[in-house]
Each structure stands twice: as C-alpha cells, then as structure tokens.
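Think of it as A, B, C and D in the order they're written, each chain with its own count starting at 1.
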Amino acid sequence: MPDFLAGATVLDLAQPMRRGMPQSPNHPPFRMALERRHGDLVRPDGGSAANEIVVTGGHVGTHVDALAHVSQDGVLHGGVPAASVQSHLGFTSHGIESFEVFVGRAAVLDVARVHGVPVLPAGYEITAEDLDACGVAVHPGDAVLIGTGWSRRWDEPDAFVGQRDGTPGPGVAAAAWLAARGARVVGGETIAFERIPPGRGHAVLPVHRLLLVERGVHIVETMRLHPLLDTGVTECLLVLNPLPIVGATGAPVRPLAILPAGGTA
Amino acid sequence: MPDFLAGATVLDLAQPMRRGMPQSPNHPPFRMALERRHGDLVRPDGGSAANEIVVTGGHVGTHVDALAHVSQDGVLHGGVPAASVQSHLGFTSHGIESFEVFVGRAAVLDVARVHGVPVLPAGYEITAEDLDACGVAVHPGDAVLIGTGWSRRWDEPDAFVGQRDGTPGPGVAAAAWLAARGARVVGGETIAFERIPPGRGHAVLPVHRLLLVERGVHIVETMRLHPLLDTGVTECLLVLNPLPIVGATGAPVRPLAILPAGGTA
Amino acid sequence: MPDFLAGATVLDLAQPMRRGMPQSPNHPPFRMALERRHGDLVRPDGGSAANEIVVTGGHVGTHVDALAHVSQDGVLHGGVPAASVQSHLGFTSHGIESFEVFVGRAAVLDVARVHGVPVLPAGYEITAEDLDACGVAVHPGDAVLIGTGWSRRWDEPDAFVGQRDGTPGPGVAAAAWLAARGARVVGGETIAFERIPPGRGHAVLPVHRLLLVERGVHIVETMRLHPLLDTGVTECLLVLNPLPIVGATGAPVRPLAILPAGGTA
Amino acid sequence: MPDFLAGATVLDLAQPMRRGMPQSPNHPPFRMALERRHGDLVRPDGGSAANEIVVTGGHVGTHVDALAHVSQDGVLHGGVPAASVQSHLGFTSHGIESFEVFVGRAAVLDVARVHGVPVLPAGYEITAEDLDACGVAVHPGDAVLIGTGWSRRWDEPDAFVGQRDGTPGPGVAAAAWLAARGARVVGGETIAFERIPPGRGHAVLPVHRLLLVERGVHIVETMRLHPLLDTGVTECLLVLNPLPIVGATGAPVRPLAILPAGGTA
C-alpha cells in the first residue's frame, strides 16, 4: 500500500444523519425507523436480523448538488432546457450520477480563522478579499472548502438552519473568485452555500446560479468541516463520492479528508 | 498532493440506484421521485430549483452491514443483548455509525478467475480451497473483496436476486478462512454475502452469523466489482464510507477502489 | 336516529392494507413500519405510545381515481391542459379533493352471477350486453358497482395483479353504457377498471380515457365487493369518502355499503 | 333509497391533507409528491397518467387512534402485554383494523357554544360540568363529538399544534364522564384529545390512558368539526371508516356527518 497512508489521518466531514437534524424546510424531512427488530422473526437456528426504512431527500444532511438542481430562465448548465430532461425518471442529464467521483486536492480556506473567530456571524457575507486573505493557492480542478465554523453550531437546529438570523456564506464576488480559479467543486458548512441575510430564508440563491448554472461548479453543503479547520491545514486529499441516485438533483455523501502523517497533503 | 495519486485510476464499486433495481424483498423498495421540477416555482429573477424525495432502506443498493444487523439467540457481537440497544432511535450501539470509515488495503480474491469463468454459477459455494487458490495474502485489518462476477448480471433483476436459482457465495468454511486472517471487512457482489441455494431464498444466513455476530467482521454487499476484477489486480486501496445514519443496521455506500499508475497498489 | 339504520348491515368494501398486498407495479409499494413501540419511551407515570410510518401511493389498495389521473393528448376532463395545473403542489384542479364525497345509491351489477360463476375468467371483457343482462336500473348520479368476483382472489397476489394472465373488466362498450346512464362513479374489484388481456400488463387504458377524460366519471378500484355480491342485492347505500389529499391523482378509501334490514336499500 | 337521505346534508369532518399542515412533531411529516406527471410517459394513443407517492403516519391529519396506540405499565386494553403483540407486522391485536367501522349516532357537545365563544382558549380544560351544561344525551354505543372550535384555527399551524400555548381539551373528569355513559368513540378538533397546558407539549396523556387503555374507547383527532358546530345540531349520523392499515396504531379517516333534511338526525 502507498507509504502515503502510513500514519495518515482520515477525517469524517459528514454530519450524522438522524431524525430532527437541521435541514432545509424545502426538502423531505429525514426519517429512519427500524422496520424489523431482533426477535420479531427468529429462524429455527436462533438467528434474527433487523432492518430499517429511510425517507430522505437529495439535499438532506451532507450532500452534493448536481447541476440539475438549479436552472435559470428554464435552462440548465450548458444551455440545456430543463423541461427537456426532467421526468418521472428524474433527470436524464445533469443528474448527480454525472458528477465524476472526486479524489484529489482540496484547498482549505478558513475564513473564520482569518477573522480570528471560531464561527463567522450569522448573515456574514464572505468576500473575495476574505478568500485572498486566506493565502491558499487554488488550482484548476481543485476542490475548495470554505471554513465558516458554522458546523460547530450543528447542535442548535434553529440557529443552524438560520430562518430567523441567517447564515454566513459567500457572496457573488467570492463565488466568482472560486470559479475564476477553476475549482471543480466547492464546499461549505451551511445548508445552502450562500450568504443568507437575517429574516430572508432561502429566497434568492445567486451563488447557486453562478456556480451550478453558469460555471458548472458543483457544491457540497452541510459539511462538518470543523475538525479539519481545527488542524490548521491549508490543503488535504478529499474523497467525494455521493450516492449514485440516477437522475437525482443531489445526493448524500460522506466526504473524507485524508491528511498525511507529515502534515499538509 | 501525494505522488501516489498521479495517474491513479479510481474505480466506482457501487451499483447505480434507481427504481426497479435488484434488491432483497425483505427491505423497503427503493423509490426516488422528483418533488419540485424546474418551472414549478420560479423566483422573480428567473431562477428555479428542483429536488426529490427518496425512500430506501439500509440494505438497498451497495451497502455496508452494521454489526447491529444480525443477532444470534438474542445477542449481538460482543455479547450485547439486542433488546437492550434497539428502540425508536435505532440502535444505541453496533449501529452503522460505529463502523470506522475504512481507507486502506483491500485484497482482491477473484474466485471466478480461478475457475476460468466470468461469472460463477448460481448456487455455487465458495470454499476455503477456492480462497487459497487465489494466492493473495490477507493481512489483519485488510478488506477482502471476493470476486464472483455476479455484478455482471445486474441488468437481469430476477436472476440477480436469485429467488429461484440462488446466488454464488462463500460457505461457512470460506467465511472462517476470512475471519481467521483478521479481515476487518469483506465484500461481495451479491445481495447477501452468502451462498444461496436454488429455491431457498434468504432463509438461512450462516456466514452473516459467523462474521457479524461471532467475529465482528463487517460485510459489504451488492458491490459492482466487475470493473475491478477486469483489471486483474490482487490488491487496491479501498475507500468505504457508508452514510452515517445513526442507529441504522446498515447504510448505502459508494465504495471506491484506487489503483496507482504503476499497477498494484 | 333514522329508523332506516335499525338492523341495517354495514359491509366493508375495502381490502386490508399490508406490506406485500397486490398492487400495480407502477405505484409506490405500500410499506408500514412501527416507528415507536411500547417500551421505547416510557413516561414517568408508566404510559407509553406506539406509532408508525406509512409509505404508499394514491392508487394503492382500494382507492378512487381523481379526474387528474389521466389525460388525453395533454388535456384533462373539460379541456384543461394538464401542464397548466400540475406542479410540486400536485394538481390545482381535478385533484381527488374535488371529488364530492358520495353518499347515495349504488346499483350493483354482478356480471359473474349472470354468467353463473363466482369469478369471471382472467382477461374476460365485460360487454354492454352483460350489463343489460344484469337487469338493474342505473339512474343519473348513481354509483355503479360491477361484480367480477375478482376480489375473491386477493390472496393470490400474482394472479390478482394479472401481469401474466390478465384480469376481467369492462370493455369500451360497457364503459360507454355506464356513462350513457349518467353514473357519477363506477367501481370494480381489479386494480385497473379495465379488461387486461393476458400478457399485456396495463399498456392501454381505454376505459379510463372514456370515463375520466371524456365523461368525467370517477373510478373506484381494488374494491372488496365479494361480501356484497354474496348478498345478492342489486342496490345499496354507498359511502365513498377518499382521503382528502390535496392535489393528488387518487386516494385510498374505505367504501361502505349499507343494507337496510328489510333487504334492498 | 332511504327517504332519510332525501335532502340530507353531508358534512366533511376531515381536514385537508397537504405538506406543511399542522401535525404532531412525534409523527412522520406528511409529504405528497407527484411521481409521474402528464407528458412523462405518453402512450402511442396519446394517453398519459399521473400518480404520486405519499409518506405519512397513522396519526397524521384527521385520524382514529387504535387501542394499540397507548399502553400503561406495558399493558394494552384488556390486559394484553404490549410486547406480546407488537412486531415488524405491526400489532397482531388492537390494531386499527380491529376498530369496527362506525355508522351510527353521534352526540354533539359544543362546549365552545356553552361558553359563548367560537373557540375555547388555548390550555382550557373541559370539565364534566361543561359536558353536563351541553344538555345532550349520550347513549351507550354512541360517538361523542366535543366542540372546542379549535378546527377554526387550522390555518395557523404553530398555534394549532400548540407547542407554546397549549390546546383546549378534556380533563380526566370529562373523559370519565364520557366513558361512564358508554361512548364507543369520542372525537375532537385538536391533534391530541387532551388538554395541553401552555409550554408542556404532549408530555402526559391522561385522557388517552383512561379512554384507550382502561375503558377501550376509541379517539378521533384533528377533526374539522366547525361546519358541524355551526349548524347547531346536537346529534347526527356519523360515518367513521379509517383506512384498514393492518396492525397500525391509528389510521387516517375522512369522517362524515349526515344531517337529515328536517334538522336533527
């Protein structure tokens, strides 16, 4: 096996999925129930098996947005009319299965650290200057993870969702900064990779428009980045393999950051 | 980034998830439906977003079995009474979130290749001798992937499930062989990592008992191994990161095999 | 209370809903699982409550088809373009909530009895002559229940669905006969109120077109009519109150037939 | 048909079911999504069919509580140990299918009217004296509908659920009053047929215990009674036919009140 892995640290960047976890009210509430429990059905040899039923959505928990998720004036990325590819089968193009699994470099831009705070304030707009101030190179094809520290607030569901007070996130200028450097995928800790102002909810999504529709850049949301931010690394090996739900506009993922023994990847 | 990745090949070992795909009749049928489509709700700026609802189970599609999945005489691995840890919250121990994400060496034992066939016959029992004949070392803590070629039959749903004709899989002796070598997790292409004889369905699961209950070895099922088997490698770097559904007896996963440029990992 | 009810018999015309019951493969499979069981959560006073999660469809089990269910050349009953009323909210017109609850006379036309058999053969087409031969008057605004005896086969799921051998049901001429007499709603025992020929599945639905699109006549399917047929009555008081799922193309219902003490209603 | 129905009025006592409607946070959130829309799949003859997927619970929307719903010290009504009858199949006794469909007299006790208000205050406890003051006879086997006017607040979801301010409902003495008169089933407008004090949520359910466990009296909740209360009738013919979900602890229902032309039933 690669020496690279000797002593490497693997960080789990997914939030745990359970009933009542913070999620957008626009998507089906996560629900898991045991269907069969041990003892319900016991085989002659004394064995028994338990299982569950799960109801969820493609944008529930830590997840990747497919390019099919957002359209502008009826058109998806690349000029494809949305109406021509959506049906009872989901999307016949731009679905999450068309996202090529990512295994590669992630640049880690910890904006909260730049500001000297563990968590950026609700409603804070990340600027292009903030990204510059991180001092981390972004190369074409990279993933870019933007630290706000917001994943530290996971256990405060109402605040996390931010319906009242908003959430921190990139403004359009910051999104343009990311796209201009050729990022293939960008990720953040909030439910929407946007700056949500107080009292507005998810009314407008200009960053989604720019990234998903105009530039074809995928988005990862609701990431649990704080353990990665705590290490202080500015890059890592990232694994992004969303469930291959054919035709879906997004899918849950359990992203992993791999840090070599020596420090930066 | 690690030189190791330069020119590496990443293979997707998950079957695509869609309505009607082969799955066990014991688990909730997979269902995905678009909830909102583009045009349903258009914001003043011309933007629109689509999303979906997903119904599934923890053992649907490519997935990892948690130790909570199977009990023997009312007891889970390690002597924990199943009744003491199962509730409306799922399992408070042995749930899939207790499976430590796996990033490490997988030994690839292609039994179909040993027999000189692309796919082992339905109902074939893999023996310890078959595993010996593969000539691949298994080290403590490894993952072991057993090739039967069965994933080549994914597009024949009835045959794949094997209710009538059965499926190939390891017998108890082969499972004991795997456990004796210290495998941490084992994976196969069939819905159940068992030899299912013709006409029997999933009536008895002796390999699950041995691995999950007695030895604490996790199982990955319904893997799409054939692209990996086609390379002829005998080891690879495997990433196994099932969705962290707290308290579940299993969870979907999109396993990745990473093959370095030079050949074997 | 009305004397009418003194000694009246109430017959339940719904099939029981449980996992694995016969249903169309085109609709979400019925699934019910207990979520909380007694003992999972016990209040200080020793009380405990159990509940469940249910996944189903609008055309699963005994149900009423809304006029929104079928379109012809893109148009619903009354010339409404389907595309103009369907969205993430369901249907803004022609949904099942627009079916006025039915409490009134049902004419019972037992075609199986006319043929002297308990169950009509699979694939049998009910003709206008069959309906004439029943000798039962149908008045404008009536419900009409057509007996085929098929509900006696409920416990044979494969045969009941009829994917291989088909099911008995009205042909277009019989449907026209029903519409011509002003029936407001018609009901039958099969999953689709159609004659399904052997080996064809639900490929074409000419009776749905005639009734739902052209004539605005609602359809009840998968009714458990055999207890009613066994009484030999030719009319009864029928209660049809499908769940008011706003915007749905159909909804489950538990129809009741009420027979006065003296015999016919 | 019975003269009784000539000119009769049929009132729909169910709340409409749609996403976001008020419901208990303890139960699966209602969700309906169109799966296939018109145009997704068009047959050669120009026909198309739409359908939906529904996720719900047995205690969502207007519904009947089965005796399986609540236990006391591990025991259901009649001394049946809950653990002995609950499994992956639901309940093998006391499930909602064991509720005999009700078609009979309902006594209407409008407590809000007694107090001269359209809606009783949140947190108000209905007393035995309140029920006496209604001056309506209750006979053994009757249904009893208790008017609070709460169904008028359906369009205020937060207030309706009452997590903060509570809801009006019967106290234990009122429940004992109902049971003592032999009511077979009782119904109300709130989500729980209980007085919920402000700030308490559904922490304790003494009326459920008395009615469901001790006395075997069924409960209907979330009824839309206000159109019935507005008529001023003190009795009616009530039809209560919950979906026959085998083994469930409750099921949705669309109750109907039938008022003869002359006035009281």
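Worth a mention:
Definition applied: a residue touches a chain if its C-beta (ideal position, glycine included) is under 8 Å from a C-beta of that chain, and two chains touch if they have at least 3 such contacts.
Worth saying up front: this structure is predicted, and the values here are computed from it rather than measured.
Taking shared numbers over all numbers used, the subunit B to subunit D interface scores over half, which places it in the same class. When the C-beta contacts at A-D and at C-D are tallied, the pair with the greater total is C-D.
Mean C-alpha position of subunit B lies 45 Å from that of subunit D.
Subunit A and subunit D, compared by their mean Cα positions, are separated by 42 Å.
Our note on geometry: subunit C versus subunit D, Cα centroid distance of 24 Å, whole angstroms.
Subunit B has residues 28, 31, 33-37, 53, 55, 87-89 in contact with two or more other chains.
Taken as a contact graph, the chains are fully connected, with every chain touching every other chain.
The part of subunit B that touches subunit C in the complex is made up of residues 28-29, 31, 35-37, 40-41, 55, 87-89.
Residues 31, 33-35, 37, 53, 55 of subunit A are the ones that touch subunit C when the two sit in their complex.
Interface of subunit A with subunit B (complex): residues 1-5, 8, 10, 12, 14-18, 26-28, 32-39, 43, 45-59, 61, 68-74, 76, 82-83, 86-91, 97, 101, 103-105, 203-206, 208-209, 235, 237, 239, 241-250, 252, 254, 256, 258, 260, 265.
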